[in-house]
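Please go over the structures that come below.
One chain, subunit A, appears in both complexes that follow, with subunit B as partner in the first and subunit C in the second.
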Partner chain A sequence: MDMNFQPLFDSWFFLLKALGTTILLSVLSMLLGFVVGVVVGTLRTYGGRLVNALLGFYVDTMRAIPLLVVLVWMFFAFPILFGVRVDSMTAAVVALGLHLGAYVGEAIRAGLTSVRRGQMNAALALGMSRVQAIRTIILPQALIRMLPPLGSLFTIAIKDSAIASVIAVPELLRQSQTLAGQTFRPFEIYTSAMFVYFLLCYPVARGTDALYRRLAHLGSS
Partner chain B sequence: MNLQWNVVFDNWRIFLDGALMTVFLTVTTMALALPGGLLLAFLRLSPYRAVRLAATCFVEFFRATPLLLQIYWVYYVLPAAFGIQLDAITTAILGLTCNISAFNSETFRAGILSIRKGQWNAGLALGMSKGQVMGRIVLPQAVMRVLPALASTWVSLFKDTSLVAIISVPELSYVSLRLRAESYRILEVLTAVAVIYWLLGYPQAKLVDWIHRRWKIVE
Partner chain C sequence: MGLTSVLRGMALSAALLLPFAASAETAVPAPGESPKIDQIKERGTLLVAAIGEFPWLPENTTGSGPQFSGPAWVLAEEYAKRLGVTIEVVPVSHETKVPILASGGADISIAPLAVTPQREEVVDFVVYSQSSLCLFGKGDNPKLANLKSVDDLNSEDITIAFFTGTPPENWAPERFPKAQLRGVAGSGANAPVEEIMAGRADVATIDYAAWPTLAKQVPGLISFPPGDACLQSQEMKTGVGLASDKADTKFHDWLQGVYDEIKDTVTAEEIRILKG
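After this line comes the complex of A and B, so read on.
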């Protein structure tokens, strides 16, 4: 089998830009997912039964519907329903973020409930408000304890960003497809893309594990 | 805005066939990925370093790259580079099985390692062989412990089967995307497919929660 990696070198700038889009998309969707997750996780833990049931419905819905369907719906159906224009990058960030947010929410909730109840009582006895107690005492510990699952959710965000290629976001997989179609070198291009994704995901997973080992003592009580 | 839901009801057969294909892919992949994951877990616990290394590379690689790309790779690269021609459904099952086996192997490995060393020693002291200890003592306990994790993987697999739509496997997502393009009833068709996935997936998610509660490890 003859191999020719020349097309990759010829289009290095094109692929680099695609890699940048992949990183941007993963970071933005993780940020959105994180914000949604912290809000959902906190409200589900402390917001009472009705709020818990409503947000539980959102979480379970996201657990039941494939990301591809959420993404395609956000890009094609949402604009028709509300008569607005949504570009593919925005649709991808929102769909990925909402999908991820459900999983982050579950992780945050597990973290919050793992902090002993006495800490909340102690904070309230010291005259703090509930919001203050959650923000300054309980949530920071929960976040540190939940670093490993949050790290693996971040790698999932990177991997799932590839699904945005379906709605033509010019990210790494999409541009690899374009290049493979033009040069008829699918083996070289897809294999290289595989390694690039590996090089993105693997350090994130190992990095958060290392960070957790250094910070774990701050989360224990 | 005028909505015509007829397009959904008139084409119920298409949705049904798609949903059946989705279920078939999920069941077949899991049936292959359970032994596959177990095999990989054993290989990773093997006394030979080369075997361990190879299995670890396989697992880490499939866990750290997008499933969508893996499916593309199997679909475009196997025929082009090695002359292996597979139809779309076989390709889909092969890609999904490699991916899910990698995740299952980590689950099984964690389960096997969670069984205390004393049980191995006790089994060996009673004159059992290593294989017997593994098969009769360690593995049954390990499998029960990891049941909740396997159930979670099942639900993600159910959702991930939607990704094989890109290689034209006629499962629920693919048939819906095609119907969307043919009928131009974009909002109706895409909402319908989301609802169908929800109807299928929501009970599964709830079942997983129940399994988590029922078989949670209490030590």
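After this line comes the complex of A and C, so read on.
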């Protein structure tokens, strides 16, 4: 099989910038997803039936609609509906973040409900408010327990960033497509891109596992 | 007859047209005449939807320097200069290069677009080039061994691949009613080379201008029409241009007028890209 990796070496800086965009997109969408997820998960656990139902609708909607559809809708339909111009990077961050937030919310809710109810009762008995108890007693323990599923979700977020190539965010997959299109060397370029994604995701997955092993005792009750 | 002859023909056309270039500059519509131009001037930027495609809008993949070159870029720069604004590139994919105009995400789409009746229903074109198609496949494919012409590909045991959402999707069923057709999602490439290399299709469509580069980069491929005849293919001969939304005809008229003034420069840039 004839292989030629020269196009990769010739365009290393082009691909490096694309990798930077992938990392930026992943980090921003993870941040947004985490913030949304903590709010949603906490409110669903402690917010009462009405709040639980409303936010449950958001979670079920995001889980029922493919990420690609959410992404394309955010890029095309949202500007038409609301009369605002949305660039591809912003659309990607918001779509990925909101989609991820639903799954993070469920992981957060599972973590919060896994902490024994006695912890909350004890905190309230000591004179803490509910907000104080959640913030200082319940959430820290719950977050440690959530590390394994959160690690999985963040790894998925990095991989999902590649879907943003559909709306032409200049991330790694999209720029790899551009390079493959101009050089007609798809095997070399896509294999290299796959390897880079592995190098991004593997440390995240192993890292969160290692972190959980170190902190697991702090999350037990 | 080959690429050199094609380039000579284009250069001769450009030289013949030069004396007839309009001496008066196309006036920018006055405020209030074109809502799109008023919007561009107020914003201070010309939003151009772009995706690289050889030879009309090659993308610079070195990571430094201007992002694009080619005849479409020359036009975009001229439009921005005359409006007194800067260019802002809006990256698009093959799926989004036309719909972005309707959503207001771009003022013009300089992604090279083949003129088709379906596209003409939703956008206005400024045609600055021509294109035609060749088909290519592996030279060692036994199914292609005895085939000599494009007509020979119209056979039940031949699978033809093309990108969905592109003009061959409408052209191929009429041109090859007997063949198996395989539409695949655009990969950003000029042609679905992966379908041929993976053996999922026997032949695939490609712009004639991109064939020489493909033949050089991927040895062992053959074309239909064969060899240099591909460069003068008449298959799906169509105009190639940039697009604007249908809503503002004054804007389109101005775009067309500017192109008419500088068409020799635009053609010269295409020749430079093809030669390089």
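Just so we're on the same page, the second predicted complex is superposed on the first by the 221 of 221 C-alpha atoms of A that agree within 3 Å, B and C clash if a C-alpha of one lies under 4 Å from a C-alpha of the other, contacts with A are read in each partner's own complex, and residues count from 1 in each chain.
Following the convention adopted for this analysis, a contact is a pair of C-beta atoms (placed from the backbone, for glycine too) under 8 Å apart; a residue touches a chain by one contact, two chains touch by 3 or more.
The structure presented is a predicted model; accordingly, all values stated were derived computationally and were not measured.
> Following the overlay on subunit A, give me a clash-or-fit verdict for subunit B and subunit C.
Aligned through their shared chain, the two binders clash on subunit A.
> Give one of first, second, both or neither to describe whether A:Phe14 is in contact with subunit B, with subunit C, with both, or with none.
second
> Is A:Val166 contacted by the first partner subunit B, the second partner subunit C, both or neither?
both
> Looking at the overlay, what does A:Ile80 touch: subunit B (first), subunit C (second), both, or neither?
In the superposed model, A:Ile80 contacts both subunit B and subunit C.
> Quick one: is A:Gln177 in contact with subunit B, with subunit C, with both, or with neither? Answer first, second, both or neither.
both
> Look at A:Asp2 in the shared chain and tell me whether it touches subunit B only, subunit C only, both, or neither; answer first, second, both or neither.
second
> Classify the contacts of A:Tyr197 with the two partner chains as first (subunit B alone), second (subunit C alone), both, or neither.
first
> So in the superposed three-chain picture, is A:Ser88 touching just subunit B, just subunit C, both, or none of them (first/second/both/neither)?
It touches subunit C, and subunit B stays clear.
> For A:Pro186, select first, second, both or neither according to whether it touches subunit B, subunit C, the two together, or no partner.
both
> With the two structures laid over each other on chain A, which partner does A:Phe154 touch: subunit B (first), subunit C (second), both, or neither?
In the superposition, A:Phe154 touches no partner, neither subunit B nor subunit C.
> If the two structures are placed on top of each other, which part of subunit B overlaps subunit C: 39-47, 75-83 or 183-191?
So the stretch of subunit B that bumps into subunit C is 75-83.
> Do subunit B and subunit C touch any of the same residues on subunit A, and if so, which?
Touching subunit B and subunit C on subunit A: residues 76-77, 80, 165-166, 177, 180, 186-187.
> Would you pull the subunit C residues touching subunit A in the complex into a rising list?
51-54, 58-64, 90-93, 95-96, 99-100, 102-105, 187-191, 193-194, 197, 213-214, 217-220
> What does subunit A use to touch subunit B in their complex?
By the definition above, subunit A touches subunit B via 1, 60-61, 63-70, 72-73, 76-77, 80-81, 155, 158-163, 165-166, 173, 177, 180, 186-187, 190-191, 193-194, 197-198, 201-202, 205.
> Where on subunit A does subunit C make contact in their complex?
Listed in rising order, the residues of subunit A that touch subunit C are 2, 4, 10-17, 75-77, 79-80, 85-88, 165-170, 174-175, 177-187.
> What does subunit B use to touch subunit A in their complex?
Touch list, subunit B to subunit A: 1, 60-61, 64-70, 72-73, 76-77, 80-82, 155, 159-163, 165-166, 173, 177, 180, 186-187, 190-191, 193-194, 197-198, 200-202, 204-206.
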